[in-house]
Amino acid sequence: MKSFKKYLYFRTTQRREYINITGKVEECLRESKIKEGLCLVNAMHITASVFINDNESGLISDFDKWLEKLAPHEPVSQYLHNRTMEDNGDAHLKRQVMGREVVVAVSDGKLDFGPWEQIFYGEFDGKREKRVLVKIIGE
Amino acid sequence: MKSFKKYLYFRTTQRREYINITGKVEECLRESKIKEGLCLVNAMHITASVFINDNESGLISDFDKWLEKLAPHEPVSQYLHNRTMEDNGDAHLKRQVMGREVVVAVSDGKLDFGPWEQIFYGEFDGKREKRVLVKIIGE
Amino acid sequence: MKSFKKYLYFRTTQRREYINITGKVEECLRESKIKEGLCLVNAMHITASVFINDNESGLISDFDKWLEKLAPHEPVSQYLHNRTMEDNGDAHLKRQVMGREVVVAVSDGKLDFGPWEQIFYGEFDGKREKRVLVKIIGE
(Lines give C-alpha, C1' and ligand atoms only; values in the text may rest on other atoms or scores of the structure.)
Protein backbone atom coordinates (compact mmCIF):
# COMPACT_ATOMS: atom_id res chain seq x y z
CA MET A 1 0.00 0.00 0.00
CA LYS A 2 1.25 3.45 -0.94
CA SER A 3 0.33 6.64 0.85
CA PHE A 4 0.78 10.28 -0.11
CA LYS A 5 0.13 13.54 1.68
CA LYS A 6 0.30 17.20 0.86
CA TYR A 7 -0.93 20.40 2.47
CA LEU A 8 -2.50 23.13 0.34
CA TYR A 9 -2.41 26.69 1.71
CA PHE A 10 -4.99 29.44 1.28
CA ARG A 11 -5.33 33.04 2.37
CA THR A 12 -8.46 34.59 0.96
CA THR A 13 -8.94 38.33 0.58
CA GLN A 14 -12.58 38.14 1.69
CA ARG A 15 -14.31 36.72 4.75
CA ARG A 16 -16.21 34.20 2.64
CA GLU A 17 -14.83 32.75 -0.56
CA TYR A 18 -15.23 29.60 -2.65
CA ILE A 19 -12.21 28.30 -4.54
CA ASN A 20 -12.17 25.48 -7.09
CA ILE A 21 -9.26 23.24 -6.04
CA THR A 22 -9.89 20.30 -8.40
CA GLY A 23 -6.74 21.01 -10.42
CA LYS A 24 -4.57 21.08 -7.30
CA VAL A 25 -5.97 17.75 -6.09
CA GLU A 26 -5.38 16.21 -9.53
CA GLU A 27 -1.77 17.39 -9.33
CA CYS A 28 -1.39 15.65 -5.98
CA LEU A 29 -2.81 12.47 -7.46
CA ARG A 30 -0.34 12.53 -10.36
CA GLU A 31 2.52 13.15 -7.95
CA SER A 32 1.39 10.23 -5.76
CA LYS A 33 1.51 7.74 -8.67
CA ILE A 34 -1.41 5.94 -7.02
CA LYS A 35 -3.72 4.25 -9.54
CA GLU A 36 -6.40 2.62 -7.35
CA GLY A 37 -7.46 3.84 -3.94
CA LEU A 38 -9.14 6.61 -1.98
CA CYS A 39 -8.34 10.31 -1.84
CA LEU A 40 -9.34 12.29 1.26
CA VAL A 41 -9.45 16.08 1.00
CA ASN A 42 -10.31 17.94 4.20
CA ALA A 43 -10.21 21.42 5.65
CA MET A 44 -7.77 21.49 8.58
CA HIS A 45 -9.56 24.51 10.05
CA ILE A 46 -12.97 24.42 11.64
CA THR A 47 -14.39 27.49 9.93
CA ALA A 48 -13.86 26.15 6.42
CA SER A 49 -15.22 23.34 4.26
CA VAL A 50 -14.19 21.10 1.43
CA PHE A 51 -17.17 20.08 -0.68
CA ILE A 52 -18.06 18.86 -4.15
CA ASN A 53 -20.55 20.67 -6.31
CA ASP A 54 -20.98 22.51 -9.61
CA ASN A 55 -18.51 25.11 -10.87
CA GLU A 56 -21.18 27.67 -11.74
CA SER A 57 -20.89 31.22 -10.42
CA GLY A 58 -24.64 31.71 -9.91
CA LEU A 59 -24.78 28.61 -7.76
CA ILE A 60 -21.81 29.79 -5.68
CA SER A 61 -23.73 33.00 -4.95
CA ASP A 62 -26.82 30.94 -4.10
CA PHE A 63 -24.82 28.89 -1.60
CA ASP A 64 -23.43 32.01 0.02
CA LYS A 65 -26.81 33.71 0.36
CA TRP A 66 -28.42 30.51 1.67
CA LEU A 67 -25.71 29.92 4.28
CA GLU A 68 -26.16 33.51 5.48
CA LYS A 69 -29.86 32.79 5.90
CA LEU A 70 -29.28 29.53 7.80
CA ALA A 71 -26.52 30.95 10.03
CA PRO A 72 -26.22 34.75 9.73
CA HIS A 73 -22.93 36.46 10.53
CA GLU A 74 -24.66 39.36 12.30
CA PRO A 75 -25.50 40.25 14.95
CA VAL A 76 -22.27 38.64 16.16
CA SER A 77 -23.63 38.79 19.72
CA GLN A 78 -26.12 36.01 18.91
CA TYR A 79 -23.35 33.40 19.22
CA LEU A 80 -21.90 32.52 22.64
CA HIS A 81 -18.72 31.49 20.84
CA ASN A 82 -18.09 35.13 20.02
CA ARG A 83 -17.59 35.89 23.72
CA THR A 84 -14.11 34.41 23.17
CA MET A 85 -13.18 37.62 21.25
CA GLU A 86 -13.93 35.90 17.94
CA ASP A 87 -16.61 37.01 15.50
CA ASN A 88 -16.74 33.72 13.60
CA GLY A 89 -19.50 31.79 15.40
CA ASP A 90 -21.48 31.69 12.17
CA ALA A 91 -18.50 30.27 10.25
CA HIS A 92 -18.41 27.16 12.48
CA LEU A 93 -22.10 26.53 11.73
CA LYS A 94 -21.84 27.19 7.99
CA ARG A 95 -19.00 24.71 7.80
CA GLN A 96 -21.22 21.96 9.24
CA VAL A 97 -23.82 22.46 6.49
CA MET A 98 -21.20 22.25 3.74
CA GLY A 99 -19.05 19.55 5.38
CA ARG A 100 -15.41 19.21 6.44
CA GLU A 101 -14.19 16.70 3.89
CA VAL A 102 -14.73 14.69 0.76
CA VAL A 103 -13.54 11.19 -0.04
CA VAL A 104 -13.04 10.58 -3.75
CA ALA A 105 -12.41 7.24 -5.44
CA VAL A 106 -9.20 6.91 -7.44
CA SER A 107 -9.64 4.60 -10.45
CA ASP A 108 -7.08 4.07 -13.18
CA GLY A 109 -4.97 6.97 -11.87
CA LYS A 110 -7.82 9.49 -12.01
CA LEU A 111 -10.39 11.05 -9.66
CA ASP A 112 -13.43 8.93 -10.45
CA PHE A 113 -15.84 11.80 -11.00
CA GLY A 114 -19.20 12.37 -12.60
CA PRO A 115 -19.36 15.02 -15.36
CA TRP A 116 -19.90 18.07 -13.15
CA GLU A 117 -18.15 17.13 -9.91
CA GLN A 118 -15.62 19.76 -8.84
CA ILE A 119 -13.89 20.08 -5.47
CA PHE A 120 -14.24 23.40 -3.67
CA TYR A 121 -12.57 24.98 -0.69
CA GLY A 122 -15.24 26.98 1.14
CA GLU A 123 -13.85 29.69 3.39
CA PHE A 124 -16.18 31.23 5.99
CA ASP A 125 -13.68 33.17 8.11
CA GLY A 126 -10.91 34.21 5.75
CA LYS A 127 -8.11 36.73 5.55
CA ARG A 128 -5.81 34.41 7.48
CA GLU A 129 -3.70 31.43 6.43
CA LYS A 130 -5.59 28.17 6.27
CA ARG A 131 -4.65 24.64 5.27
CA VAL A 132 -6.27 21.79 3.38
CA LEU A 133 -4.95 18.23 3.63
CA VAL A 134 -4.84 15.87 0.66
CA LYS A 135 -4.20 12.27 1.71
CA ILE A 136 -4.22 9.45 -0.82
CA ILE A 137 -3.86 5.75 -0.06
CA GLY A 138 -3.86 2.85 -2.50
CA GLU A 139 -1.62 1.18 -5.03
CA MET B 1 -4.56 -4.40 -1.45
CA LYS B 2 -7.64 -5.19 -3.53
CA SER B 3 -9.91 -2.61 -5.08
CA PHE B 4 -13.34 -2.90 -6.61
CA LYS B 5 -15.61 -0.45 -8.40
CA LYS B 6 -19.11 -0.48 -9.78
CA TYR B 7 -21.55 2.15 -11.01
CA LEU B 8 -25.21 1.94 -10.06
CA TYR B 9 -27.72 3.66 -12.35
CA PHE B 10 -30.98 5.38 -11.43
CA ARG B 11 -33.74 7.15 -13.28
CA THR B 12 -36.52 8.18 -10.91
CA THR B 13 -40.05 8.91 -12.05
CA GLN B 14 -40.37 11.87 -9.69
CA ARG B 15 -38.33 15.01 -9.14
CA ARG B 16 -37.49 13.98 -5.58
CA GLU B 17 -37.20 10.37 -4.51
CA TYR B 18 -35.43 8.33 -1.84
CA ILE B 19 -34.28 4.81 -2.69
CA ASN B 20 -32.88 2.23 -0.28
CA ILE B 21 -29.73 0.90 -1.98
CA THR B 22 -28.32 -1.16 0.90
CA GLY B 23 -28.94 -4.45 -0.91
CA LYS B 24 -27.15 -3.26 -4.05
CA VAL B 25 -24.11 -2.15 -2.04
CA GLU B 26 -24.04 -5.50 -0.22
CA GLU B 27 -24.05 -7.25 -3.61
CA CYS B 28 -21.03 -5.18 -4.66
CA LEU B 29 -19.24 -6.15 -1.46
CA ARG B 30 -19.87 -9.86 -2.05
CA GLU B 31 -18.65 -9.51 -5.63
CA SER B 32 -15.50 -7.72 -4.46
CA LYS B 33 -14.52 -10.56 -2.09
CA ILE B 34 -13.01 -7.91 0.20
CA LYS B 35 -13.18 -8.87 3.89
CA GLU B 36 -11.56 -5.90 5.65
CA GLY B 37 -11.48 -2.36 4.35
CA LEU B 38 -13.52 0.71 3.50
CA CYS B 39 -16.48 1.09 1.16
CA LEU B 40 -17.18 4.50 -0.38
CA VAL B 41 -20.62 5.12 -1.87
CA ASN B 42 -21.13 8.51 -3.52
CA ALA B 43 -23.53 10.28 -5.82
CA MET B 44 -21.73 11.17 -9.07
CA HIS B 45 -24.22 13.97 -9.74
CA ILE B 46 -24.38 17.19 -7.79
CA THR B 47 -28.14 17.31 -7.31
CA ALA B 48 -28.28 13.96 -5.50
CA SER B 49 -27.10 12.51 -2.19
CA VAL B 50 -26.04 9.24 -0.68
CA PHE B 51 -26.80 9.12 3.03
CA ILE B 52 -27.43 6.68 5.85
CA ASN B 53 -30.55 6.81 7.94
CA ASP B 54 -33.62 4.83 8.96
CA ASN B 55 -35.77 2.90 6.48
CA GLU B 56 -39.07 4.30 7.76
CA SER B 57 -41.56 5.86 5.36
CA GLY B 58 -42.76 8.55 7.79
CA LEU B 59 -39.18 9.71 8.30
CA ILE B 60 -38.56 9.84 4.54
CA SER B 61 -41.57 12.17 4.23
CA ASP B 62 -40.22 14.25 7.12
CA PHE B 63 -36.87 14.64 5.37
CA ASP B 64 -38.58 15.70 2.16
CA LYS B 65 -40.79 18.30 3.83
CA TRP B 66 -37.88 19.64 5.90
CA LEU B 67 -35.58 19.97 2.88
CA GLU B 68 -38.32 21.88 1.06
CA LYS B 69 -38.48 24.25 4.03
CA LEU B 70 -34.70 24.75 4.17
CA ALA B 71 -34.29 25.15 0.40
CA PRO B 72 -37.65 25.51 -1.41
CA HIS B 73 -37.95 24.55 -5.04
CA GLU B 74 -40.20 27.53 -5.83
CA PRO B 75 -40.10 30.27 -6.82
CA VAL B 76 -37.35 29.02 -9.13
CA SER B 77 -36.33 32.63 -9.79
CA GLN B 78 -34.90 32.91 -6.25
CA TYR B 79 -31.78 31.01 -7.35
CA LEU B 80 -29.21 32.67 -9.61
CA HIS B 81 -28.23 29.20 -10.77
CA ASN B 82 -31.58 28.90 -12.51
CA ARG B 83 -30.58 31.67 -14.93
CA THR B 84 -28.61 28.92 -16.70
CA MET B 85 -31.94 27.49 -17.96
CA GLU B 86 -32.03 24.98 -15.09
CA ASP B 87 -34.71 24.84 -12.42
CA ASN B 88 -32.66 22.78 -9.98
CA GLY B 89 -30.96 25.44 -7.82
CA ASP B 90 -32.73 24.04 -4.76
CA ALA B 91 -31.50 20.51 -5.53
CA HIS B 92 -27.84 21.57 -5.24
CA LEU B 93 -28.58 23.03 -1.78
CA LYS B 94 -30.63 20.07 -0.57
CA ARG B 95 -27.80 17.77 -1.55
CA GLN B 96 -25.38 19.67 0.73
CA VAL B 97 -27.64 19.12 3.76
CA MET B 98 -27.92 15.38 3.11
CA GLY B 99 -24.32 14.89 1.92
CA ARG B 100 -22.63 13.51 -1.20
CA GLU B 101 -21.18 10.29 0.15
CA VAL B 102 -20.89 7.74 2.91
CA VAL B 103 -17.85 5.73 3.93
CA VAL B 104 -18.74 2.40 5.52
CA ALA B 105 -16.37 0.04 7.32
CA VAL B 106 -16.07 -3.48 5.93
CA SER B 107 -15.42 -6.04 8.67
CA ASP B 108 -15.41 -9.78 8.20
CA GLY B 109 -16.86 -9.43 4.69
CA LYS B 110 -19.86 -7.34 5.80
CA LEU B 111 -20.91 -3.71 6.00
CA ASP B 112 -20.17 -2.94 9.66
CA PHE B 113 -23.55 -1.40 10.47
CA GLY B 114 -25.59 -0.58 13.52
CA PRO B 115 -29.07 -2.14 13.74
CA TRP B 116 -30.97 0.54 11.74
CA GLU B 117 -28.34 1.86 9.36
CA GLN B 118 -29.52 1.74 5.74
CA ILE B 119 -27.94 3.44 2.72
CA PHE B 120 -30.19 5.72 0.67
CA TYR B 121 -29.89 7.39 -2.69
CA GLY B 122 -31.58 10.79 -2.38
CA GLU B 123 -32.64 12.28 -5.70
CA PHE B 124 -33.51 16.00 -5.79
CA ASP B 125 -33.67 16.58 -9.56
CA GLY B 126 -34.83 13.30 -11.05
CA LYS B 127 -36.37 12.00 -14.26
CA ARG B 128 -32.96 11.70 -15.86
CA GLU B 129 -30.24 9.07 -15.65
CA LYS B 130 -27.94 9.42 -12.67
CA ARG B 131 -25.05 7.35 -11.35
CA VAL B 132 -23.77 6.25 -7.96
CA LEU B 133 -20.22 4.98 -7.48
CA VAL B 134 -19.37 2.11 -5.15
CA LYS B 135 -15.63 1.84 -4.52
CA ILE B 136 -14.23 -0.70 -2.08
CA ILE B 137 -10.60 -1.04 -1.04
CA GLY B 138 -9.10 -3.55 1.37
CA GLU B 139 -8.10 -7.19 1.57
CA MET C 1 -2.52 -3.77 4.68
CA LYS C 2 -3.49 -3.74 8.34
CA SER C 3 -6.97 -3.11 9.64
CA PHE C 4 -8.25 -2.34 13.11
CA LYS C 5 -11.71 -1.92 14.59
CA LYS C 6 -13.17 -0.97 17.92
CA TYR C 7 -16.61 0.01 19.18
CA LEU C 8 -16.99 2.88 21.64
CA TYR C 9 -20.09 2.90 23.85
CA PHE C 10 -22.05 5.89 25.14
CA ARG C 11 -25.09 6.40 27.32
CA THR C 12 -25.72 10.08 27.89
CA THR C 13 -27.75 11.41 30.82
CA GLN C 14 -29.44 14.04 28.63
CA ARG C 15 -31.41 13.89 25.39
CA ARG C 16 -28.82 15.99 23.59
CA GLU C 17 -25.16 15.93 24.50
CA TYR C 18 -21.81 16.59 22.83
CA ILE C 19 -18.80 14.54 23.91
CA ASN C 20 -15.18 15.10 22.88
CA ILE C 21 -13.91 11.64 21.85
CA THR C 22 -10.55 12.68 20.36
CA GLY C 23 -8.59 10.97 23.15
CA LYS C 24 -10.46 7.69 22.68
CA VAL C 25 -9.81 7.70 18.93
CA GLU C 26 -6.11 8.43 19.54
CA GLU C 27 -6.01 5.43 21.88
CA CYS C 28 -7.46 3.25 19.12
CA LEU C 29 -4.83 4.51 16.72
CA ARG C 30 -2.00 3.68 19.13
CA GLU C 31 -3.46 0.22 19.69
CA SER C 32 -3.72 -0.36 15.92
CA LYS C 33 0.00 0.36 15.37
CA ILE C 34 -0.98 1.80 11.96
CA LYS C 35 1.35 4.62 10.84
CA GLU C 36 -0.09 5.63 7.45
CA GLY C 37 -3.69 5.27 6.40
CA LEU C 38 -7.26 6.41 6.97
CA CYS C 39 -9.33 6.39 10.15
CA LEU C 40 -13.12 6.27 9.87
CA VAL C 41 -15.17 7.23 12.92
CA ASN C 42 -18.95 6.91 12.56
CA ALA C 43 -22.07 6.86 14.67
CA MET C 44 -23.72 3.43 14.38
CA HIS C 45 -27.09 4.94 15.32
CA ILE C 46 -29.14 7.19 13.12
CA THR C 47 -30.01 9.79 15.73
CA ALA C 48 -26.38 10.64 16.52
CA SER C 49 -23.44 12.24 14.74
CA VAL C 50 -19.68 12.16 14.70
CA PHE C 51 -18.24 15.50 13.62
CA ILE C 52 -15.10 17.60 13.89
CA ASN C 53 -15.16 21.10 15.26
CA ASP C 54 -13.81 23.32 18.05
CA ASN C 55 -13.71 22.24 21.70
CA GLU C 56 -15.26 25.46 23.02
CA SER C 57 -18.27 25.34 25.32
CA GLY C 58 -19.93 28.47 23.91
CA LEU C 59 -19.80 27.02 20.42
CA ILE C 60 -21.30 23.73 21.62
CA SER C 61 -24.26 25.70 23.02
CA ASP C 62 -24.51 27.61 19.73
CA PHE C 63 -24.70 24.34 17.80
CA ASP C 64 -27.41 23.02 20.09
CA LYS C 65 -29.56 26.15 19.85
CA TRP C 66 -29.10 26.34 16.09
CA LEU C 67 -30.06 22.69 15.53
CA GLU C 68 -33.19 23.24 17.62
CA LYS C 69 -34.05 26.15 15.33
CA LEU C 70 -33.46 24.14 12.14
CA ALA C 71 -35.27 21.00 13.38
CA PRO C 72 -37.19 21.64 16.63
CA HIS C 73 -37.95 18.76 18.96
CA GLU C 74 -41.45 20.05 19.70
CA PRO C 75 -44.22 19.77 18.85
CA VAL C 76 -43.37 16.09 18.37
CA SER C 77 -46.54 15.70 16.27
CA GLN C 78 -44.94 17.70 13.43
CA TYR C 79 -42.93 14.62 12.41
CA LEU C 80 -44.65 11.67 10.73
CA HIS C 81 -41.84 9.49 12.06
CA ASN C 82 -43.18 10.03 15.57
CA ARG C 83 -46.32 8.08 14.67
CA THR C 84 -44.13 5.00 15.22
CA MET C 85 -44.28 5.67 18.99
CA GLU C 86 -40.94 7.48 18.86
CA ASP C 87 -40.41 11.13 19.75
CA ASN C 88 -37.07 11.43 17.98
CA GLY C 89 -38.05 12.66 14.49
CA ASP C 90 -36.03 15.82 15.08
CA ALA C 91 -32.96 13.79 16.06
CA HIS C 92 -32.81 12.10 12.63
CA LEU C 93 -32.84 15.52 10.96
CA LYS C 94 -30.29 17.10 13.29
CA ARG C 95 -27.94 14.22 12.61
CA GLN C 96 -28.02 14.96 8.86
CA VAL C 97 -26.88 18.56 9.44
CA MET C 98 -23.97 17.47 11.64
CA GLY C 99 -23.08 14.33 9.66
CA ARG C 100 -22.72 10.61 10.41
CA GLU C 101 -18.99 10.18 10.11
CA VAL C 102 -15.55 11.66 9.76
CA VAL C 103 -12.57 10.29 7.87
CA VAL C 104 -9.24 11.39 9.29
CA ALA C 105 -5.81 10.94 7.72
CA VAL C 106 -3.26 8.97 9.69
CA SER C 107 0.28 10.24 9.09
CA ASP C 108 3.37 9.12 10.98
CA GLY C 109 1.21 7.28 13.53
CA LYS C 110 -0.92 10.33 14.40
CA LEU C 111 -4.29 11.83 13.48
CA ASP C 112 -3.24 14.41 10.89
CA PHE C 113 -5.11 17.33 12.41
CA GLY C 114 -5.11 21.11 12.21
CA PRO C 115 -4.58 22.99 15.49
CA TRP C 116 -8.22 23.07 16.64
CA GLU C 117 -9.68 19.93 15.14
CA GLN C 118 -11.38 17.77 17.76
CA ILE C 119 -13.71 14.80 17.18
CA PHE C 120 -17.13 14.96 18.83
CA TYR C 121 -19.90 12.48 19.38
CA GLY C 122 -23.18 14.39 19.02
CA GLU C 123 -26.13 12.70 20.69
CA PHE C 124 -29.64 13.88 19.74
CA ASP C 125 -31.75 11.13 21.34
CA GLY C 126 -29.83 9.97 24.37
CA LYS C 127 -30.42 8.13 27.63
CA ARG C 128 -29.94 4.80 25.87
CA GLU C 129 -26.85 2.85 24.89
CA LYS C 130 -25.30 3.92 21.59
CA ARG C 131 -22.21 2.83 19.70
CA VAL C 132 -19.51 4.53 17.64
CA LEU C 133 -17.27 2.57 15.27
CA VAL C 134 -13.59 3.32 14.82
CA LYS C 135 -12.11 1.58 11.79
CA ILE C 136 -8.52 2.17 10.72
CA ILE C 137 -6.85 0.78 7.62
CA GLY C 138 -3.27 1.28 6.46
CA GLU C 139 0.24 0.15 7.26
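So that you can tell them apart, the chains are marked A, B and C in the order they are listed, and the count of residues begins at 1 in each.
Note that contacts are C-beta pairs under 8 Å (C-beta built on N, C-alpha and C of every residue); 3 or more make two chains touch, one makes a residue touch a chain.
Everything numeric here is computed off the predicted structure, so don't read it as measured data.
Here chain B and chain C face each other with different sets of residues for the most part; under half of the interface numbers are shared between them. Seen as a C-alpha superposition, chain A sits on chain C after a turn of 120°, to the nearest 5. Work out the mean CA point of chain B and of chain C, and you get 20 Å between them.
In chain C, 1, 38, 70, 97, 99, 103, 137 are the positions where the chain touches two or more neighbouring chains simultaneously. If you check the complex, the residues on chain B that touch chain C are 1, 36-38, 51-54, 56-59, 61-63, 66, 70, 97-99, 102-105, 107, 112-114, 116-117, 137-139. Every residue of chain A that touches chain C in the complex is listed here, in rising order: 1, 3, 5, 38, 40, 42-46, 70-71, 79-84, 89, 92-93, 95-97, 99-101, 103, 131, 133, 135, 137.
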